[in-house]
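We call the chains A, B, C, D and E, going by the order they appear; numbering starts again at 1 in every chain.
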Amino acid sequence: MQADIPTTALLASNITVEFAGLRALDGVTIVINPGEILGLIGPNGSGKTTLINAITGQVPLATGQVTVAGDVMPLSAPRTVALSGVGRTFQIVRLFDQLTVSENVETAALAKGIKRKDARKIATEILQEFGMLSRAETIAANLNYGDKRRVEIARALAATPKFLLLDEPAAGMNESESQMLCKQLLELPKQRNLGILIIDHDMPLISRLCDRVHVIASGKTIAAGLIENVRKDPAVIEAYLGSSARQDA
Amino acid sequence: MSFLMNRHTLTVASLCGLLLMLVFISYAVDVRVFTRIATTLCINVVMVVGLQSFMGNTGILSFAHIGFMGVGAYTSALLTIPAQMRGMALPDLYPFMEGLSASPILAIFLGGIVAAVIAAAVSYPLMRLSDAAAVITSFALLVVLHTVMLHWSEVTNGPRTLFGLPAITSLPLTAIVAAGAIAVALMFKESRLGILARATRDDETAARAMGINTPRVRWLAFILSALLAGIGGGLWGHFVGSFSPKAFYLKETFVILGMLVIGGPGTITGAVLGVFIVTAAFESLRTLEVVLNSAQIFSGQVVGVTEIVLAFSMIAVLALRPGGLVPTREIGDAIVGLIRKRKG
Amino acid sequence: MIEITNLDVRYGAIRAIKDVSLNVQQGELVTVLGANGAGKSTLMLTIAGALKAAGGKITFDGRDVTAATPEKMVRYGIAMVPETRDVFPDLTVVENLRLGAYLHRSDKAGVMADMEKVKDLFPRLREREIQAAGTLSGGEQQMLVIARALMSRPKVLLLDEPSLGLAPTVVDQIFEMIRELKATGITILLVEQNATKALQVADRAYVMQLGEVVVQGSAEEIAGSSDLSALYLGG
Amino acid sequence: MKNSLLTIALLSGLSTATASTAIAEDLLIGGTLSLTGVQAPLDEPGFRGAQVAVKYLNDNGGLLGRQVVFSNIDGKSDPVTVGNAAVQLFDRGAELMVAPCDFDFGGPAGREAQSSGIVGISTCASDPLYSSWSLGDKQFTLSMWNTTMGATAAEYAYNEREWKTAYVVTDQFIAYTKSLSKYFVEHFDAIGGEILLEDTYTNGDNDFSAQISRLQALGQKPDVIFISSYGTDVGVIVRALREIGIDSPVIGGDAYDDPALHENLGETFGNDIYFVTHTWMGPEAGPEMPTFLQLYEEMYGVEPDTSFVATGWDTIMLMAKAVEIAGTTDGTAVAAALEENTFELLTGSLGYSDAASGHAPDKAAMLVELKGGQPVPLGWRLPANPPAP
Amino acid sequence: MTELIQFVIDVLALGGAYALMALGLVIVYGILKLVNFAYGELIMVAGYTLFLMDGTGLPWLVMAAVAVLMSIFFGVATDYVAFRPVRAKSVTAVLITSFAFSTILQNAALLFISPRARNIPLPDVFSTTVTIGGAVTPLRNLLTIAATIVMLTLFTWLMRRSILGIAMRAAATNFTMARMLGVPANLIISSAFAISGLLAGVVSLFWLGRIGSVVPGIGLEPLLVAFIATVIGGMRSVPGAVLGGFLLALIDTSLNHILPQDLLKFRDAFTFSFVILILLWKPDGLIKGPASGQRT
């Protein structure tokens, strides 16, 4: 199995995470390939966000390891993971509230050691791409919600990541905002040879964006593959709707 | 034109203009007490702007700042107390230190460097901590620094007053140093490190996920802050001529902190404004104290009114305007914004 | 009994609940279904007073309780069992239960009697009564939070995802208990992801999607409709 | 905003400026006595005494035909505040300076006075650091030096009471506490006594258990305990010693001359304690004392409770006498008058050595015993051969 | 043997006082996760109350009770003045306001009473010395130990048995859930401050009894002591605070005996460096407090 994975991929293998004896993740293995958008779905409390935290080194692993493009990541080292080219966004937006939009985006580049001037250039380009250049000098706290979400993604991109982990990027957006986001996201993988993992509850959005989805429930992988197949998978339906769904449906 | 329009240049220029006006007025008024107040004010600008470099950019409350002021003051004293005075001022001085000497101006800056070096040496591991643990450790650091100053008779003359520092600190000198401190602090705030530090302040988790080395960034801010505190301490030492470790403890911490909190820790404009406002209020209240004293309303002498008023103002500001009077925008930003608005 | 009209709830700029209207009648068991992110838990927390509504109105027994604090809501007779299954881990089972009866603390005999009643309802808790709640299994903790909620002698019980993260056999037990509770005549508002189970015990159901109520009806109607899976997993 | 700020700054500057234009005919004596803080027990009585003296002078025609105004700014027991206050007073035209007790607090006022060419006299600084050597040729202290104070204690203990062994506790707080012990030890040793142990204490510690354990480890009870400390800490130390059953007599310096301390120790602990101080507030002290006591009672309605009130009176009267002799308040002339004459004061007769030899005061000390919490005078003492500073 | 008895009594008496001080700090920290910098001033308040009642002719125990009540009152006042207005805003803000409140109390004492030390009335038993197994010790030390035992028993009973105590322990782990059970938030917080004041008030009687007087700055040392003890024992653990208090007393007393004079004066520097090291190693203190409840 390991041999099939291209060395350019992000591989999180056999990830187990425990909180005070509670198993939040149980031996999950997931691969993100450059150039693809992979959907991560599963019912409430199934461990999706924990998986992103585990990959980025923000929670300690009980077992498993993370490999980014062939490099094994040390345990609990979010910095190393980030500097190896893994960017992320958060379920609840985490912007640097008192910094301007431009500064927010610059930080990601600055953190990688890029000079102030160059970072500014990178930020300008990305903001242009996201159609937010006019807001560059706005204090982040004063943005509306949809813009905050977009700035968060723009910020992650400014670090020129190889992989981007998006935790519910469309949550709280209205229809048109989420449409626009969708369009922007769809272009990214090809343009930048970027691998994206996306968590969202909005199934139409997931099906529009992703070819492949990975489904977890109660901390375990229950299905993975093309979205049409997964949707019909009895295990998935059971996970979402309840144990006796098969007989009833 | 574009140079003039630069908001950072404008900020520095405006704040330095304020200092310049202070110097100008003090020369115009030509009252020694006013000059002394103005000089103290400029020293406080150095101190408060120094504290802002750390607290404002990292969002961590530091109690240790005033301790580094002490380090600077004592270092400068060791280098400048005239040889003939040393026997009396520092009776227990280590023999190898007897030969130390430097010109006062140099000594003031060396004091800053020694403070920065000590800060660098002791503080790196502390920068991992946040919230209450960070505050308690900084408080503990202040107690440690204070205890050392209080008892290291060989170097500080123990709890006793150290005297004999040449009184070279003048208003122009402090005003220049204060202007320099403002410029340095603003440069730091807008530098790569400054932005990264402010990022860690606004959201530590996101900053870490981005690969920012939080402890290192905070550490550098802390060193800069200690450097400015040390310089401030040296200036102050050469201003008052004699002091004891008591001068670098909680009461003074409270005043410096009060100035920053009221002005707004997020901005250098706030820090400077805080110093001006609190100084003005303090001096007016002191006059009030004198009036009350002569009116004999209270049984004894009226003391402590200034501190009480400052304390209530701090609580009020924090409750009503948690970011201080100038929470986010530097004066330069405001001016540029105004100009743009007028144009557009 | 509970009447919610045009409720709006926001987290900062996010509208987590949009224009939701819903009612629960005395003695009813009403379930709110929906995928995660639908706003179900937000709805529950808002009713319990732990979140503030941005718009709309909540009345309880005819009284406007839109802005009431959590303490007030308990006093009015609404007990909340949050999905996070918040036992106080360092308190013993009995201490947890005593705290549930905080409102009736002066009525010592009554509290003792209530305590016996819930221990009868959940015999497992009797076995573990002097154990720290943090050492209980997930299912036992779920029983404890429900039992604790009952100690406040509520008129309405708000149950948020009681089956979350529990083993299937335990889930069956929990739903058995909900059925028993319902038989005692208490009004229950149940939020569940496990639609099948929930619909088996419920009288009526609402289905939420992305903060809005999209379908409502009797439990049979909802269970019979074929697009439930589509609502959860997209079409 | 900026403008209004500057206005405030300007106004506060101006207000001090107007306040500084004192009426020209009055003779302004500045004071920076600490009315608050750790120094207050020594300075505040001095302040009261000084006010009696000023009223007395003015009732009798003033000084050089001018009315005397005594303006004191609280030094707050803080060297920095003292220095600032002194400058402020000179700006207002002060012609003489009453400096606070002790080198640490009085020093800054003395230095500012010296740089303004003005005579400054500390009410009770007794450390030999308070000298023309360290402060300049126009600075004096009213008090005897610690050389005298320490030697008086040593002679009383060894010669009069035949206490042969001593345990010494030195508060590291200020120059006064350190040098007082130093001269006691030097003199006690010189006249044949034995120092069993010298220990240190830091003001404000409020914990004396470490010292007690070391004292007990000696295995020998000292004949006398010399404690050089300050403020309430003297009480803390004496209590700690007595509570643990160490009942050796305790002896110390003028910091013990504080009614609050006597009250603190009370009937239980206030026994077998001796101290060397400036004078005794009773007719037995000297011929002028009854007059002062009467004036003091007229002004305050109570009897003075510490000899420090006399230091305040004496400082003003010393200044007045020297100014009368010099015929001017000019610093150099007044300093010369002080150096060349001997003055009879409430605190005994006083003469100074010249500036080159430090303005060493030549003065006797008063010995007092504490009995049941009440002070009892034992009489004037002048050590035969005090140690050199 | 005599020395050993002396040592044990010293450690227990000092440790008891330290433990009660630490407990007062932890009870507030446990619930609000906020340090009350004005805690030491509660001891000052009790001291000045005693001073003001001197000469009223009341029995000492009545004066002591009033002093403790005042301490409780000011404990609750701390909540209203320094904590409530800014509690929701930021940790830093509360630390500053509690620091500010401490300054207010100290300066109010300066202004309305006196900057000078004031003697406080003490009962005669405080000046009595007793001999136990050859060791001479003030009776006050034994009373301190007795009071510690009584207070700790009372405290344990309150926290374990009373509904208020259970509610406070619950609020320490999960505030929102406690509220959803009908436990009024403000009552719990005020109770914590009141208990904090009670502990400070009781400990002040013995603490000040050793000194015999009170000054405006008297609260700093107890605050520092409570700080160290809680950090050693665990910032949020009640048994930890008690243990920390006794441990600190043991360390202090031992250092007094062991350390040479030259180093002893740097004792505070040592203990506070130790505090820093502990916090670096375990930011929550040595003994882990109750689980924080909220799961991620």
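Descriptive notes on the structure:
Rule of thumb we're sticking to: contacts are C-beta pairs under 8 Å (C-beta built on N, C-alpha and C of every residue); 3 or more make two chains touch, one makes a residue touch a chain.
This is a predicted model, so every value here is computed, not measured.
The chains in contact with chain C as well as with chain D are E.
The minimum number of touch steps separating chain B from chain E is 1.
Comparing mean CA positions across the assembly, the chain most remote from chain E is A. Per-chain Cα centroids separate chain B from chain C by 55 Å. Centroids built from CA atoms put chain E at 42 Å from chain C. Mean C-alpha position of chain A lies 44 Å from that of chain B. Between chain B and chain D the centroid-to-centroid distance comes to 35 Å (mean Cα coordinates, whole Å).
Counting partner chains per residue, chain E has residues 110, 115, 265, 291, 295 touching two or more of them. Residue positions 35-36, 172, 202 of chain D each touch two or more of the other chains. Each of the following residues of chain B touches two or more other chains: 150-151, 300, 303.
Within the complex, the chain A residues that touch chain C are 20, 22, 43-45, 92, 144-145, 148, 168, 171-172, 200-204, 206-207, 218, 231, 236-237, 240-245, 248-249. Residue ranges on chain E touching chain B, taken from their complex, read 29, 33-35, 81-82, 85-86, 89-93, 95-97, 99-101, 103-104, 106-108, 110-112, 114-115, 220, 224, 227, 231, 235, 265-269, 272-273, 275-276, 279-280, 283-284. Within the complex formed with chain A, the chain B residues making contact are 191-192, 195-196, 198-199, 201-203, 205-213, 266, 328. Residues of chain D touching chain B in their complex: 1-2, 5-6, 8-10, 12-17, 20, 35-36, 74, 76, 78-80, 83-84, 87-88, 90-91, 103-105, 107-108, 111, 129, 133-134, 172-175, 178, 202-203. Interface of chain D with chain E (complex): residues 35-37, 40-41, 44, 172, 199-200, 202, 204, 206, 209-210, 213-214, 231-232, 235-236, 239-240, 243-245, 260, 263-265, 268-269.
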